[in-house]
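All chains are identified by letter, namely A, B and C, in their written order; residue positions are counted from 1 within each chain.
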Amino acid sequence: MTIGQPMLRTRQLAKTFTLHQQGGLTLRVFSGVDLAVHAGECLALAGRSGSGKSSLLRCLYGNYAATHGAVEVRHEGQWIDMTRADDRTVLYLRRRVIGHVSQFLRVVPRVAALDIVAEPLRLLGVASEDARRRAGDWLARLNLPARLWTLPPATFSGGEQQRVNVARGLVAGPPVLLLDEPTASLDAGNRVVVVDAIRAALAAGTAIVGIFHDNDVRRAVATRSLDIETFAASA
Amino acid sequence: MTEPLLVVDGAGKRYGTRWACRGVNFQLHSGEMLAVVGESGSGKTTLLRLLAARLPCDEGRVLYRMRAESAAESGTLTDIAALSAARLRWLARTDWGYVEQHAHDGLRLNVSGGANVGERLMALGVRHYGRLRGEALEWMRRVELDTARIDDLPATYSGGMQRRLQIARNLVTRPRLVLMDEPTTGLDVSVQARLLDLLRKLTEELHLAAIIVTHDLGVARLLAQRTIVMRDGRVVEAGLTDRVLDDPQHPYTQLLVSSVLQP
Amino acid sequence: MTTPTNDSPTASGVHADHDYNFAFLDEHTKKTIRRTLLKAVAIPGYQVPFASREMPFAFGWGTGGVQVTASIIGRNDVLKVIDQGADDTTNAVNIRRFFTRMTGVRTTERTIEASIIQTRHRIPEAPLSEGQILVYQVPMPEPLFRLEPRRRETTELHALADYGLMSVRLYEDIAQLGAIARTYDYPVRVNGRYLMSPSPIPKFDNPKMHLNRALQLFGAGREKRIYAVPPYTTVESLDFEDHPFQVQRWQHACALCDAPDSFLDEVIVDNAGRRLFVCSDSDFCAGRRAAGWRGSGCPVEPLRSGGPDCKKSVP
C-alpha cells in the first residue's frame, strides 16, 4: 500500500467531560493528542476498555466537542479546523470528506435497509435509482440477503444491522473514514468480507482511523497503532 | 456557500417585564432542519411566532430572503417587520408554512379535507374546481392520506391524519420555509414514527428549510441536523444535533438528555 | 337649494304630516347619510359604517333602506316600494304609506315612472334607466358573516381582498352537493375589488346588477352599514371556471301574463296542492296583461315524487 499525503490530523487534542448532574465532576479522558493519518493508511486506536478510544474517534467526527486543541481535515488542498468551523461546514465535510461507521446502527424507523445505505449517495446528489443500485451492490458484497433489502433493519439481527451500518459508511467512498468496531457482532465469514472492503478502501487511498477489538482484524488492516493510554490525562 | 434563507438576529419578545424569549441568533439555509428543543415555558413557541411574524420583535430582527425576480438572482434579505400586512399575508400563503400543534388552529374543521388543501390555491386566485380537486388529491397522496377521505370533514380524521392534512395544506404552494410546532406530540407512537418518516422524506424531496419546535429529543435527532436548546427564554446550547445530544455541554442540556427514558 | 318645509303642498297634492320634518329624518342626519352615500359610491361594494337612527319601526323591517331613501328623496321624486316584487305586500304598503305621510311625494307602482325604487328581496324585471335609484333593504351586509362572524377579521379580509374563505365555501358546496347551493344573497365581486352581499335577492336577479344604468344603494339599519354600486359598474357572481354561475329557470310561464323568463312565485291554490306560477314582479305582470298577454290561468298539478319544476341553465 502506498501512503499518500496527510488527510486528517489533530493538534494537542484534549477531551474532558464535566458532569453537571454530579456536582460538576470532571472526567479527563485524554490530552495532548497529536496524530496524523495519511491517504492509504489505517491508524488503529489501541488501549483498554474505557481508555477513551471511542471518545477520540467521536471527537474526530465532531460528535464530541473537543475541550482543547484542533481537529483538521484536508479538503481540496486546504486544511479545515473542524473544532472552529461552523455547523454547516462540518455537515458539509461529513457529507463529502469524512465517513463514519458507528458501533451500532442507529435505527431510523420505517426506512428500508437499501435506502439507509443509499442515503449518503443521495446527499451527494446521486440520482435515486443509481444510489439504490450501488447500495444494493454493497449489501450483496456484505452478504445481506436480498429479501432483507426492502425491510427496515429494526428487526434484523445484530450482525445484519452491522452490515447495513458498514455498507452505509463505505458506499460513498469518502477520502477519510472513521470506523468504530466495524466487525463487532459479525461471524467469521462476514468479518473477512468487511476486512476485504477496508483493505480495498485503503488501496483506493482512503485514510482510515479505526477501533478494532478483534486482534486478527486489526492485524489485517492496520498500518500502525496509536495507544490512547499514552495520552490519558494524568490523575 | 449559498446565502441564508432566514437570519435571526438577537430576536426577543417581552410581556411586561418578563422576556418570553431573548437574544436568539441563528441562520437557516434551504434544505436545513433546525430543532428548537425545550420544556414548557422555554420560549420556543414564542420564538416560532416571532419567526412567522405573528408577534412583533421587541428586540432584534428576523430577516427573510424574499423570492428573487429571476432564477439568476438571489432575493433580498428583508426585515419582516418592514413588510406590509398584505405582503405578510401573501408570504404566509405561499412561501411559508406553519404546522400547528392543535388541529383546530391549523385546519378548518368544518370544511372537507379537499377544501382545506385547496384553500391556499383559492386564495391565490385558482378558480378551476377540477384543478383544485386534482391538487388536493395529489397532495393527500403525498402525505399518505387515503384520498377517499377527500370530502370528509377533518373532524372525522384521526389525530395523525389531521396532522398530515395540515402538512398537505401548507405544502400545496411549495413553501421554502416550514415552521412546525410539536409536529408529533399527542400522537400514538406508531403514528409518530410514520409521520416523522414522512417529514424526513418530504423535506428532502422538496428541499425545504424547516424549524421544528419539540420537547422530544428523539424527534430532534431524527429530523434535524442542528439543534438549539432553550430554557427560560434563552438559548443555552446550540450545535449539531448529534453533538448536542451525545456530548451536551450546558448543565440544562445534560439534565434534559439524562432525563429521557430509553425503551 | 332651500330645505323643503312642510308648509307648501307637494306635487301629489297630499299634505305631508306637519309634526315631522320632511322625510322624517332631521336635516343633519340626512346630510350625514348623504356623506356616507358619497363615500359608498366612491368605493363600490365597500361597506361604510353609519350611525343608524331609531326609526318608528323595528329592525328587520327595512330601517336601513328607509333611512337611505329618506336622505335622498326630494319633493319631485316619484317613489315605488316593493317587497318580494309586489307593491301590495304588507312591508311595501307600510313603507309607501310612511313616505306619503312624511313627504307627500307622488308614489307609483309602475317601475318606469319611479325615480326611486325601494325594494326588499327583488330587482324589478323592467330594465332601469339612468337617473333612477334602486334602494335595497339589507339584513346582513357582510357576505362573509356565516364563515367568519368576527367583524375585526372580516374588516381585515376586505382590506386585503383576501376572499379565499368564500371560495372555500363554494368549493365545499360543489364537493358535497355537486353544485353551489346558494340560491339567494349570492356573493358578488364589485368593480373587481370588493366582495359584496347583494341582499337576499334571488340569484336570478344577480345579472341585473351588472352594468346597470341606475344607481344602486344598499342600507342595513340594524348592522349600521351603507354600500353602493354606481351605474355601469361590473358586478360578477362568484363561481368556478368549470362550474359557472347559473340562474334558475322554470318549466312554466306565468299563469297570468305568459311571461317565459321572469321570476315566478309558486302559489298553492287549493287543498289538493295545485299550484299557480305567477310573476313575482306585480308591475311587470300587470304591464304585460295590459298589453294583451294572457297566461293559461290553469293550476299545475301537485308535485309527485321526482321532477323538479325548476331547472338550471346558463343565463
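As a working rule, a residue touches a chain if its C-beta (ideal position, glycine included) is under 8 Å from a C-beta of that chain, and two chains touch if they have at least 3 such contacts.
Here the structure is a predicted model, which is why all the values come from computation and not from measurement.
Chain-to-chain contact here is organised linearly: an open path runs through the chains from one end to the other. With centres taken as mean CA coordinates, the chain nearest to the overall protein centre is B. Rounded to whole angstrom units, the spacing between the C-alpha centres of chain A and chain C is 79. Taking each chain's centre as the average of its CA atoms, chain B and chain C sit 48 Å apart. Look at where the CA atoms of chain A average out and do the same for chain B: the two points lie 33 Å apart.
Those residues of chain A whose C-beta lies close enough to touch chain B in the complex are 17-21, 58, 62-65, 87-88, 90-91, 108-111, 122. Only residues 1, 29, 32, 193-194, 196-197, 200, 204, 222, 225-226, 239-240, 242-243, 246-247, 249-251, 254-255, 258 of chain B touch chain A when the two sit together in their complex. Of all the residues in chain B, the ones that touch chain C in their complex are 85-86, 89, 93, 108, 111-112, 114-115, 118-120, 122-123, 127-130, 132-133, 150-151. Note for the complex: chain C touches chain B at residues 156, 159-160, 162-164, 167-169, 171-172, 174-176, 239-243.
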